[in-house]
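What follows is a set of structures for review.
Shared chain: subunit A. Partners: subunit B in the first complex, subunit C in the second.
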Partner chain A sequence: MLILTLKKEWIESKREGRTLWLSSIILLLLACALLSSWHSYEQVQTQKQQVAKSERERWLNQGDKGPHSAAHYGVYIIKPDTGLSVLDPGLSDYQGSVLRLEAHKKNDTLFRSIQDAIQMQRFGDLNPAFILQTLLPLLMILLGFHSISAERESGTLKQLLANGLSPKKLFIAKVMALTGLGLLFFAPIILYIVYSLLFGDNFSAGRSALFIASYGIYIFIWALLTLIVSSYAHTSRSALISLLVIWALACLLLPKFAIESAIQQYPTESSQAFQSKLESEVYTPERQQAISKFKQDTLAEYGVENVDELPFAWSGAQLQFGEQFANKVFDRLFGQRQMQLQAQSLHYQSAAIFSPFIALQTISMSAAATDLAHHQLFDDAGESHRRLIQATLNGDLKDNGLASIKRNKSYRGDQHLWESIPDFTYQYPAIAQLMSHYGRAVICLLLWLMAMMSLSYFAMRRIENEGQP
Partner chain B sequence: MNLLICFNEIKNLLRERLLWLLVVVTVCFSALASYNGYQWATMQTEVITNAEHEQQQAATTAKQGLAKRQALTQPINWWEDRYDLRGQAFYLMVNYATKPPLPNASIAIGQSDIQPYFFRMLVTNKQAFINQYEFVHPLGLLIGKFDLAFFLIYVFPLLLISINFNALSQEKQSGQLRLLMMQGLSPLRILFNQLVIRASIIVLPLLLISVAGLLLFSSGIGLLAISLYTALILTYALFWLAVSALVISYGKTSAYNAAVLVIAWLSFVIILPAILNTAIVTTNTAPSRIEYVDTLREKSDAVDKSSSKVMAQFFQDHPELAKSSNTNKPASEITTSYSTKKMAKIAALEKVMQQYDDAFQTVLMAQQHRAEQFSYLSPATILQSALFDLSGNGLTRHQHFIEQVLSHHKALRYFYQQRILAAHQRGDFSPCENCIARVTLSDLTQVPTFSYQEKTTDAPWSNVIVLLLLSMVIILLASLRLFSMNRSQTGIALV
Partner chain C sequence: MKIDEKTNVISVTHLSKNFAEYQAVDDISFTVKQGEILALLGPNGAGKTTTINCILGFLKPDIGHVNIAGIDPSKDVVKARKQLAYIPEQVALYAKLSGLENLIYMSKLAGVDKTKDEFRQLLAQVNLPTHATNKPIGSYSKGMRQKVGIAIALAKSAKALILDEPTSGLDPSSSHEFSQLIQALAQEGVAILMATHDLYRAQEDAHSVAIMNQGQLVHSLVGNAIKETKLESLYLEHVRAASTC
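Presenting the complex of A and B:
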């Protein structure tokens, strides 16, 4: 039955040249997008490795200098990519991938590619995720909208049913045929992932499995949806219109409304207000008072009158105290901003109940580590490294700087000190550990699947009723 | 007869539920898109007002605290002293360069959500501040906002297709077409009437609501902007009507027409712009920002290491700053001071990085030039380019803004350079052993302020003309096909 249906669909598609043409164009686009993304990924990875290596060498060979000067010299760290980012670059262009770590400041990542882009970029990039998430459902609609409605219009549906054909088998065969066509477009992606898993070094099996499974389910959902609408529609025309409305809502409009609603519901401050607040809350009279109190407490603890009499270099201790004071403010203000952004992400994900596109987009970006949650994980790791650098440098100044200061000389750290700070390396955690970031999307995608399967039952009943005299 | 056909068409349309749905969608989406654009422009204006207020507040607070500072006897770190030129220049200055939205801004949010519309200025190398950005949820940037530009480019053609796809083909399928033709009506005339009436149902509410929104909420919007906006909508609608006519002229079924029109929409609005963008970016590859960081770091180290050379170059470039008349301080003390060194290093670093910054700018301009050339291949890119330019949220106005920001940055640097060196020469920063620095900046209103100067740009009328020409060509093709349909159908009817 399936083979017969596939044959029939193929012959009909051949008759209607437009869909074959469109399919070929989209398959070609997918191949080009995959090739271009892979080429660009390879280039960027080489650059990232080289620059990270140079940066480490620069840090180690910065020469003898005061530890605090080294803290201001700082380091640049680079966000890693997973192999799946070739398939779904997600938010990479909108987030920046370089972070400067320096004394007294917590920076945002630098150089978002989108700021170097022309305005035509707003139409979107031709990448595999865009083609599979947005264009493939539309292609499946165009291939399958008349699958059952045309049979009804031409009267062949009644004939088929009168000849004893099971409506269930007909429906399932048509769904399988359409899903098979959808999967045909996904096949190059699966091949790429399998090849990379076997021979590449930046692919995680868990992430790849999630990626493949979610796209497989998504394709199946659209195949079911197309056939359900086609089963209910009186004419092919109304089936097509209904499906196009659903597609436009799910893939174009709902994502916009959902993110807009998330931003309205959980607003973040403008950068102007945020920076202004940051400065006014770090450099406050309270900070001066806290430093004075720390000084008094330290003097009392060591039973001395003056910082010069302390058994360590006071400047190191004071700098570290200042860092810790600022860190508390950073934790609070950046934490509040991060919480609002996370709330926005979750709010957006909740809208996946109305759009399988939102569900897949969220899961796909999570698997590829190109979403905001992974960016924030990198940012947090960077901040921890910044604090480690500051604590090590200030600690060294405090512990070893006294002798130089007493000789009225400035204390200078050397390569041993720079080497004591480990190189920054970061690996994203296993995807299963991040379930809280994308769990809603997974549930919504499964709910969509269940809903479509349930509606399929009614669609089959409807076809069955057509055969009743 | 013609009038009768028109009335009949209106009567038929009024009976269809789809019509009312489309009208409701048009009205609601036009209103929502207008509101979103207005809200975005208002938000930007608020942020700019807050920035200006913060700047004024800093000057007022400084004025109020001046007497207290002058009476101060306790030491104060210069980087925490708002009355110290060095502290102001390198750390404390509250000085904003802002780009206010145009009155037409609500038409298209354009690039304004991605490109910075304000900069907090400091005396630092431009590489340290020019890449500032507004931190928002990046998904909001990827997906974009539901503004008038989005509605017009993406949704509006779909609405036109939805209402037009069964024009003429319905009459043909039901056999009415042959009857109408026997009464002397040509398919061209019937289709023309149908398309105009149906399109009006979408275009009129859209124009009415969006233009009313612009007039009500965008104070200062000009008649020229409204005319251009209207012309763009009408020509874009004309293009989609022409495409619909061409598809319908093949005489296939309504479902076939709908599928082909959707493929046309997909090709012109989604696929072609994405291909063009990818092709332009791939053929004019921008330099790597990752490598840029490496270069910046390398050059910065080189500047640090050649301190004496940098200082010599700095005073050679600015002989006016090297004047040592009335000086109380030895030249060596001035040239080895942190602030002088820092200013010299900023100048040196900007100079050596200029070629790398220019490389990005050159590629961006080449890409934009290519994009403007290729934009004529798709009505969507023609409209986008026109709407972005019209709203003042496109690349051209942003480039003007960046040019002015860099000029302002230079002006600020010069202002502080001159005064810091003069203060050094007078010994203001260390008047005596263990003395606190004198007040070197008592009035913050003396610091140069930024005021965006609007540059007049050509209104994108050429985009209207190109859309019109494209539409005319397609209409001509459709008319030729409909004439031949007329001949063959008349022949059949006569037989």
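Presenting the complex of A and C:
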């Protein structure tokens, strides 16, 4: 029956011409978006590999110099991308992809694509996720709004039912036909993922499975929603208007409203304000007092009166103490900001109860590692590496710098020291470990599915009652 | 075998149906046997379509019950509908599909398993012109659409055929052709219930006639009595009598 209905819908659509045109436009857009994203991804990956390699060489070949000079010389680390980021760039353009690690400072990531974007690009970026999340539901609505309502208007619904067709089977066949059509547009994406899983790198099976499953459910939800509205509508016109209103609310207005509401509810400072707050809270009289106290404690511990009498280079110990003092401030201030951003993110996710778009968008970005949580994980890993660098360099100065200082010479580290600091490599954790960040969205998407399936029962009853006044 | 001796395919027993304060059907009973054509006559609003909708299971009777080949539509509507075919005044088919495609789709949905050639033969059997078989239904006349409707009934080997105003809007030639088709179906044992205003067709084709007015069955005629009665006078007499009450 499903194949029969699919075939009949296909013949009708083909003769009508509308399906072919609409489908061709969306497929063309999808192909363009996929090719352009893939091309851009390949370019960026090559550049990132080159930069990472040259950056390591730069660090290793910086020559002999004081460890603290090297700490200020700094290193740049590159944020990795998953293969799925081709499909959903998420917040990548706003987050930046390079982090500079240096002494005394915890930097924000650099090279945010959006800064280089022309005004039109900021209006809306054409990527596969945008097409699948926003345009595909619209296409499904345009192709399916009249599925039942037109049958009602033309009288074929009564004819079909009088012919002994079960309303349940009719509804299911129509839903499957529309879902099948939706999945047809998703098929190139599935093929790309499967191919990349088999022959490429940067693809995780778990993330890919979550990505495919969530989009599959999303397409099914829109097919059910379209058929439910079509079953209840008296005319195809009213079905189309109702569905377009739902689409505009779910995919355009509610997400905007949810973002605004999240910002209002959990406000964050501007980047400039935050940076100046960092400066003012790190370099305080308390810091000087803490350093003085540390100095007194150290002198007392070693039973000496002057730092020159200590069995190690005091400058290294003092620098490390200063780092640790600043780290506490960083942990507090960045922690507060992260909490606000996470609260914004969760607040936004909660709106998924009103919009399957928000649910899918959240899951999709998580699977593609282009959301806030993944960015924060990278940021944390970068900060750990920065602290490791500072501890290693300051420790080396403290342990080995005394002889040079006593000879009134500045201590210089060499390549051996630079090599003792490992190259930064980072891999995102398994997606299951990040459930707390996107779990709410998963629950909302499943709730949407359950709600649509429950409403389908009533839609079938509505079809069953066809002919009643 | 005489019709009287055949089994009932459609049984309507003490059927009543109200819509709020309005009594659409008021305690009517009749049967249609295998091979019998029953013409249900009555003016607009007499309750004919409500009766048909109760038989088709689109409406549930308030009182009384309906039985289609041993199945009560209010209990198992899908099974009951599988026993019958329904041809409304305007046969509803898919305008973009051809006659053959409509027949195949409708029949297969009803569980009929036939080859394309067999379906083609059915269209030939109902005298649908061969050149029209593959043309979209949108270009068909009403008579041609009805032929496709009858072909659907033939394909699913329906035990009962329900016709709602089948000849309204047909030219005399198409009406005659249609009459021949339903008589052929009756001869094959199909029970036919035909709600109509067409007194001439009723007198010509029906084995029994039931006149409805204001929801009630006001007169019945069976067999030769139909031909021997001045049906138009009888009909008008009942309709006028009711309107003066």
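As a convention for this text, the second predicted complex is superposed on the first by the 464 of 469 C-alpha atoms of A that agree within 3 Å, B and C clash if a C-alpha of one lies under 4 Å from a C-alpha of the other, contacts with A are read in each partner's own complex, and residues count from 1 in each chain.
The working rule: contacts are C-beta pairs under 8 Å (C-beta built on N, C-alpha and C of every residue); 3 or more make two chains touch, one makes a residue touch a chain.
The model shown is predicted, which means the values in this text are computed figures rather than measured ones.
Asks: Which term applies to subunit B and subunit C once both are placed on subunit A by superposition, clash or fit?
Replies: fit
Asks: Is the number of subunit A residues in contact higher for subunit B or for subunit C?
Replies: Touching more of subunit A: B.
Asks: Check the residue A:F199 against both partner chains and state whether it touches subunit B (first), subunit C (second), both, or neither.
Replies: Once the two structures are laid over each other on A, A:F199 reaches no partner at all.
Asks: What is the angle, as a multiple of 10 degrees, that the CA centres of subunit B and subunit C span when seen from the CA centre of subunit A?
Replies: Once the two structures are overlaid, it is 100 degrees.
Asks: Which holds for A:A162: it touches subunit B only (first), subunit C only (second), both, or neither?
Replies: After superposing on A, A:A162 lies in contact with subunit C but is clear of subunit B.
Asks: Identify the partner contact of A:I259: answer first if only subunit B is touched, second if only subunit C is, both if each is, neither if none is.
Replies: The first partner, subunit B, only.
Asks: Shortest C-alpha to C-alpha distance from subunit B to subunit C once the two structures are superposed, in angstrom?
Replies: Across the overlay, subunit B reaches subunit C at a minimum of 16 Å between C-alpha atoms.
Asks: Would you tell me which residues of subunit A are touching subunit C in their complex?
Replies: Of all residues in subunit A, those touching subunit C are 1, 4, 8, 11-12, 15-16, 154-156, 158-166, 464, 466-469.
Asks: For the complex, which residues does subunit B have touching subunit A?
Replies: It comes out as residues 18, 36, 43, 47, 50-51, 54, 80, 96, 110-111, 114-115, 118, 120, 131-146, 150, 154-155, 158, 162, 166, 253-255, 258-260, 262-263, 266, 270-271, 273-278, 280-282, 286, 288-294, 297-298, 301, 360, 364, 367-368, 371, 375, 380-381, 384-385, 388, 394-395.
Asks: Given the complex with subunit B, which residues does subunit A contribute to the contact?
Replies: Touch list, subunit A to subunit B: 18-19, 22, 25, 29, 32-33, 36, 43-44, 47-48, 50-51, 54-55, 58, 62, 76, 78, 90-91, 94-95, 97-98, 108, 110-126, 130, 134-135, 138, 142, 145-146, 235-237, 240-241, 244, 248, 252-253, 255-257, 259-260, 262-263, 268, 270-276, 283, 337, 341, 344-345, 348, 371-372, 375.
Asks: Going by the contact rule at the top, pick out the subunit C residues touching subunit A in the complex.
Replies: Per the touch definition, subunit C meets subunit A at residues 19, 53, 56, 58-59, 77-79, 81-86, 88, 90-97, 101, 105-106, 108-111, 136, 152, 156, 162.
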